[in-house]
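Listed next: structures, encoded as structure tokens.
Two complexes, one shared chain (subunit A), two partners (subunit B, subunit C).
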Partner chain A sequence: MIQIKNVSKWYGDFQVLRDVNEEVKQGQTVVVCGPSGSGKSTLLRCINGLEPFQHGEIIVDGVSVSDPATNLYRLRTEIGMVFQRFELYPHMTALQNITLAPMKVRKKSRREAADHAMKLLERVGIPEKAHEHPANLSGGQQQRVAIARSLAMEPKIMMFDEPTSALDPEMIKEVLDVMVDLSTGGMTMIVVTHEMGFAREVAEEIIFMDEGSIIERGTDISFFQNPKSPRTKDFLDKILM
Partner chain B sequence: MDLAVIPRNLHFLLGGLVLTLELAAISLLGGFLLGILMGLGRLSSRKWIYYPATLYINFFRSLPLILVIFWFYFMVPFIIGRPLGDFLSAIIAFIAFEAAYFAEIVRAGIQSIPQGQVMAGYSTGLGYYETMRNIVLPQALKNMVPPIVTQCVIIFQDTSLAYVIGLKEFLRRIYLVDSRELRSVELYLFAGFVYLVFCSIGTITSRRLEKRQIGR
Partner chain C sequence: MLSYDFDWSVLWKHPYGRWMLEGIWTTITLSSLAFLIAVTLGLMVGVFRVLPNRITRLIGGSYVELIRNTPYLVQLFFWYFGLPSLLPQASEKWIYDHVPSLPYWTGVVCLGVYTASRVGEQIRAGMISIPTDQYQAAFSTGLTTYQTYRYVIIPYAIRIIIPPFTTEFLTCFKNSALTMTIGVLETTGASYLIDSYTWHGLETTTAASVVYIVITLCVVLLMAWVERRIHIPGMIARGR
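Right after this comes the complex of A and B.
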């Protein structure tokens, strides 16, 4: 579904990604962890073409992201993205947040888009908040609306960029529950997170990034039990305490 | 003091006030629309859009308005071969000049919206235009309202400079009445009063809007 081949990226002289290789198969959930500044978020933004990269290739669903002939807008409709700070549109209600792209991009009627949006809000457990503005929702509710907003485009892939890092502890579970549900439902997912409980439960693969490179990868159990590099061990000790 | 000079010439003076308001309104609208384009241009990542827009803005912001008014009055006929008339040439000068200031207001307003909002729009497949129109501009416009109102007040005052090309706007007519009636004190006090009333309305509106924003 996603092939990342030898990808390197620089901001000026600073190299943020170093020769990154990764493959995500259809229906897989891959968890990416690592210290801040290790290039995790940048990698996600390269996958849906929000940021360019200078070297290597990323192929999403058979389409090369860096090919100038690729219609990035079209590609992005296949890849949902959820942000750390939710990024809901504050001047719109939850429902309007969800229906905007389906109406403008997929040219759905208001009615059709709203019906679908209500189904998604039910799926994330907050249909009663459809007509609230983001400011009136808790962090966990906002993030669930944001997930529904991404799902509204019926993407083949969902990417999550630290979706629970800005949440109060008691709200983390409600968001993770939605994500577990998606993962077990067969969605292809790349999740940047430090929620190792989530990783244990659903991840087919866990990769650890540091200073722009993937320095460790493993399928769940092996990753936690015997990390190969001291850097990974150190990091896991810190976040697992 | 002979305040009777004012009612005696009120019709003539009000005509000038109407012209002033027209000039201000058209300059405001035209300047704002052109300003949005220039402001967006100033934020563009495409060099062939960014540089001309930046040059335009810096150019007009470094010139005194009175010079711009003169330029359009004297130079446009030179280029197109016939005079434009004082009203039209004043309008063009004002729109061109004010657009540079509106562009900076628009730029600041757009930059006040977090980049994540744009990314959220793009990530759902929206294009540049749809993201701007539906996500960024509605939020940015709210932030722009107070400086825009302030700019309106400034434009209203600036229109008095059109007297230099003989346009019979409000202040020019005060001058004309004065040269006939020799009542400078009364007339210029009245002029000041009128400007004060109109500009205060603008300032009060701006305050109200700012308060409402903070309360939001």
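Right after this comes the complex of A and C.
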């Protein structure tokens, strides 16, 4: 579903990504972790073409992201993205947040878009909040609306960039539950997170990034028990405490 | 007992009443036209200052620093008395003699250019307060750049910018009074002129003050209504 081949990226002289290689198969969930500044967010942004990269290739569902002929707007409709700070549109209700793209991009009727949005709100467990503005929702509720907004485009892939790190502990679970549900339901997912419980439960692969490179990868639990590099061990000790 | 004889009739007696009304009309049109320039130019300056381009940022930044850090009155004199003296003497005289309503249009341009530096700063502040992730969230759902600005960024930015815009308009409106120093007969100028004929400055300046207060209140009420109409539930209004 996603092939990342020898991708390198620079911001001026500063190299953010160093020869990154990764493959995500259909239906898989890959968890990405690593210290701050290691390039995790940048990697996600390269996958849906929000950031250009200078070297290498990324193929999403058979389409090359860096090919100038690729319609990036179209490509992005296939890839949902969820942000750390939710990024709901503050001047719209939850329902309007969800229906905007289906109406403007997919040209669905308001009625059709709203019906689908209500189903998604039920799926994330907050249908009663449809007409609330984001500022009136808790962090956990906002993040669930944000997930529903991404799902409304019926993407083939979902990317999450630290979706729970801005949340109070009691709200983390309600968001993770939705994500576990998606993962077991067969969605292809790339999740940047330090929630190792989540990683253990659903990840087919866990990769560890440092200074722009993937320095460790493992399937499930082995990753935690015998990390190969001291850097990884150090980091895992900190987040698993 | 005060020896001052109040005579409010100077406000409507011929020809003073007409002067007063013309003054009010001049104040309204002059400050509105100036604000129109301020918004257009300010939008450019504000956008220039946030673009990822060193040259536009330098232009925008210099403009703001130059205009904001010199007194508005000096700028008014510069535009009206200073600039034309660069011209050959014959054409300078011709301009003062033949360009109709020269003080008025100089006032419009000068006030517009001055207010633009302030408006530009407000626009810049509004734009940089929208996080880049907000743009990216919109793009990630497949919206085009145009759609992102049209449905997400601009409606959001307008709500951030309206309260400071109201303040800037009112400042512009009151600053228009200074154009009397280059001979514009706006509300303040008219009240001063009537005083010089009638010696009833107390009445005329009181009337001028009332005019400013009434118009200011109307604008404030109108903008409060607009703000209520577009208020985002749950979001606390930003202070002025």
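To be clear about the criterion, the second predicted complex is superposed on the first by the 241 of 241 C-alpha atoms of A that agree within 3 Å, B and C clash if a C-alpha of one lies under 4 Å from a C-alpha of the other, contacts with A are read in each partner's own complex, and residues count from 1 in each chain.
The rule is simple: a contact is a pair of C-beta atoms (placed from the backbone, for glycine too) under 8 Å apart; a residue touches a chain by one contact, two chains touch by 3 or more.
Predicted, not measured: the structure shown is a model, and the values here were computed from it.
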Subunit A as common anchor, with subunit B and subunit C clashing or fitting: clash
Which of subunit B and subunit C A:Ala101 touches, first, second, both or neither: both
First (subunit B), second (subunit C), both or neither touched by A:Lys25: neither
Which of subunit B and subunit C A:His91 touches, first, second, both or neither: both
Contacts of A:Arg76 with subunit B and subunit C, given as first, second, both or neither: both
Partner chain in contact with A:His133 - subunit B first, subunit C second, else both or neither: second
Footprint overlap on subunit A, where subunit B in one structure and subunit C in the other make contact: 45, 48, 50, 73-74, 76-77, 79-81, 83, 85, 87-91, 100-101, 104-105, 146, 149-150, 152-153
Complex interface listing, subunit C residues touching subunit A: 131, 133-134, 136-144, 147, 151-152, 155-156, 159, 230, 232-235
Contact footprint of subunit B on subunit A as seen in their complex: 45, 48, 50, 73-74, 76-77, 79-81, 83, 85, 87-91, 100-101, 104-105, 146, 149-150, 152-153
Contacting residues of subunit B [partner subunit A, same complex]: 114, 116-117, 119-127, 130, 134-135, 138-139, 142
Sites on subunit A touched by subunit C in the complex: 45, 48, 50, 73-74, 76-77, 79-81, 83-85, 87-91, 100-101, 104-105, 132-136, 146, 149-150, 152-153
